[in-house]
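In what follows, chain A forms one complex with chain B and a second complex with chain C.
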Partner chain A sequence: MAHPKKIVLLGHFGVGKTSLIRRFVESQFSEDYLVTVGVHVKKKEISIDGNNITLVIWDIEGNTSIDKARKSYLLGTSGFIYVFDISRPETFESLETEMKYLQDNFENVPVEIVGNKKDKFGEAVSEEFFKTQRFENCTFTSAKEGDNVEDAFEQLTRKMLAI
Partner chain B sequence: MVEQEEKLQLLRDILLIDDRQVANAINERIDAITQTIDTKEKLSEKVDPILDERFKTFIEEIPTTLGPTITKTLKEEIANSKDAVVEALYPIMGQMIKKYIGAEIEKLSEAINQKMAKTFSMEGLKRKVIARFTGQKEGDLLLSELDKPIVNEIFAIQKGSGILLGNYSVSNKVDKDMVSGMLTAIKSFVEDAFGGGNQNLESIDYELYSIHIYNFHSYYIAVVMSGHMTSSFENKLENRVLKVSRKISSKIDSLSRNEVDKILTTLFKTWKAIKY
Partner chain C sequence: MICFNIMDQNLIFQNILHHITVDFNGIVLSSNDTLFKVNLGSNINDFHPIFISSIPQLLSQEEKIMAYPGLNITQNSTQVFCDITIKKEVNFISIIFFNFTSAYISKQQATQSRNEKEIKRQLGNKKS
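Presenting the complex of A and B:
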């Protein structure tokens, strides 16, 4: 049995990190917002190209920047998911700085950038806005409706296995 | 004319006599009813047996007619106000727990008395010798005999990532990967928050259990224990954990989880048979 892989979800408060994990692990969604205090650890086994992989997912409390997150929570991570909220510009305005931080401090650790709450496209912000080069590597998800959530985790796992 | 009058009167008497009697009888009855209604005692005499009968029937029928409704309402009320129910039950539960603990202490006291009575037996003599040579209190040894330490779980966990490297479990009740992650998160938090340089968290106590943490370079071993730990048992446990580390440390990066599981199981499965 191979050792599990640790994934940490990063991003501002209220971008939907916990909801994404809940949707991915339990196939559930709740409108109630409960701020994550400290860290929650969840587990999910997935199969990619016939390989069974156990993902241990760390849902850490939101921070306005990764620099402010507790460093020890990020140790030994096999992959990061950086989550922003498409309806709140402050959650993605420093996206480049955040990615540089990860690149500098976790050089070989793959990152999946996720724009969550895509169900709000057209309501809070236009979909066109995110069709620029700046967001070309992002996966747009909706934890509420379940869109692309599994894809985001699967894409990251594929990147992790490739290294 | 007079004769006619008399005849008419006679005719009236013949025709109306019954009506008058009836009217009189009705008046008398109405008077009696009015008196019954106006007099509490008399009304009570009449109505009470009927009400009693109705009430009796009502009580008898409660389980079938109102029972389901009452049960449903109670269930809903309890579900809607769990906190209030807990608050209300807390003092009662507290009393029950207090009584239970009292009874258990009494049992413990009896057991200690019995043990003390055997002080001059071979067992007692042996305990005295162990106490003398190990420097442990005889009382501690006695307690450890009554509340034997049990190893419930052992986790070998990668530092930082919290990834479970291997495990031995008596019960297999918990999700090991999640426990390893959360344990590492707690450990990281405590070590970060109270940041005393390279100091490590070494134990966590919760109710009847305690987690003893033995730190190595790239991993740590967490032992979940219950029961009374003597320093002698702690020594033996530490030696056994060191034995594990000697077997896994040099090849920790290449060992699979199954291999680590096997090493832990081999070294700890017989632990219960060890004398404390």
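Presenting the complex of A and C:
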């Protein structure tokens, strides 16, 4: 198996972690929200710059803060994707605190910050709000429409390979 | 005093507990096949991708036991929720699956209801 890398998706419930994984691994999407309990693990082989990588993607139950996640799920992680929902401020109001927690507890593990549900920009969500410095390192995705989902995983994979 | 012999234990744990042993390369050495069909000589990574990262992690650390609650396993369209324990023995790795599907489904239903209400409240607050 080529270079297995463990990726864990983090973030509040209902932000779209499972949908992002389903879109990336199976190219599918469902509007129905079904809560994740425990952990689902999926595998996807990708190729970046001639390197074949096996991504082992852990979809864990949503938590309002990372310190509530089960420690065994996070052990041995090569990269994190932290997901928030652009239409629910509660899911990104503690973003800085969450990033600090990851830096303190998972030094040298790269993180990709993803603002999901970008298909809602213009509806009731101002795109301008997310163009500020606070969100300059975020990738905005839509699991529903497939926008930037592959990019988010590939960007994280490049960061993991660079270490 | 109640004593259980091996036969009683097999009856008690039927459909609840599945035990697999693998070598340090993940090759299946034994399986009691109570919950799933796992072929001897196959690689445990092919059975479930959780082992792709868990077994190397276990082999690289001092701690000899790792536990993962609530693992979703789908085989032949049947979904099962298990708490799994992986233990490093001297010459092999022992993997125990405890079937808690009913409990996790109950938890899922309760959490679903709670989360949907909270999401609706958050989106409602935003609009007002």
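The criterion applied here is as follows: the second predicted complex is superposed on the first by the 160 of 163 C-alpha atoms of A that agree within 3 Å, B and C clash if a C-alpha of one lies under 4 Å from a C-alpha of the other, contacts with A are read in each partner's own complex, and residues count from 1 in each chain.
In this text, a contact is a pair of C-beta atoms (placed from the backbone, for glycine too) under 8 Å apart; a residue touches a chain by one contact, two chains touch by 3 or more.
Just so it is clear, the structure is predicted and the values come from calculations on it, not from any experiment.
In this superposed model built on chain A, chain B and chain C take up the same space, so to speak, and clash.
Judged by the touch definition given at the top, the superposed model places A:52 against neither chain B nor chain C. More residues of chain A are in touch with C than with the other of chain B and chain C. Legend: residue contacts after superposition of the two complexes on their common chain; A:61 is shown touching chain C, with no touch to chain B. Looking at the shared chain after the overlay, A:72 reaches both chain B and chain C.
Touch criterion not met for A:105: it reaches neither chain B nor chain C.
Judged by the touch definition given at the top, the superposed model places A:124 against chain C, while chain B stays out of reach. By the touch criterion defined above, A:3 lies against chain B but remains apart from chain C after alignment on the C-alpha atoms of chain A. When the two complexes are overlaid on their common chain A, residue A:30 makes contact with neither chain B nor chain C. By the touch criterion defined above, A:90 lies against chain C but remains apart from chain B after alignment on the C-alpha atoms of chain A.
Looking at the shared chain after the overlay, A:14 reaches chain C, while chain B stays out of its contact range. Annotation: chain A residues 1, 4, 6, 38-39, 41-43, 54, 56, 58, 70, 72-73, 75-76 touch chain B in one complex and chain C in the other. If you check the complex, the residues on chain A that touch chain C are 1, 4, 6, 13-14, 33-35, 37-43, 54, 56, 58, 61-62, 70, 72-73, 75-76, 87-90, 124. Of all residues in chain B, those touching chain A in their complex are 158-165, 175, 177-178, 180-182, 185, 188-189, 191-192, 256-258. Every residue of chain C that touches chain A in the complex is listed here, in rising order: 45, 48-50, 52-54, 56-57, 60, 66-72, 81, 104, 107-108, 111-112, 115-116, 118-119, 122-123, 126-127. Taken together, the chain A residues at the contact with chain B in this complex read 1-6, 38-39, 41-43, 54, 56, 58, 70-73, 75-78.
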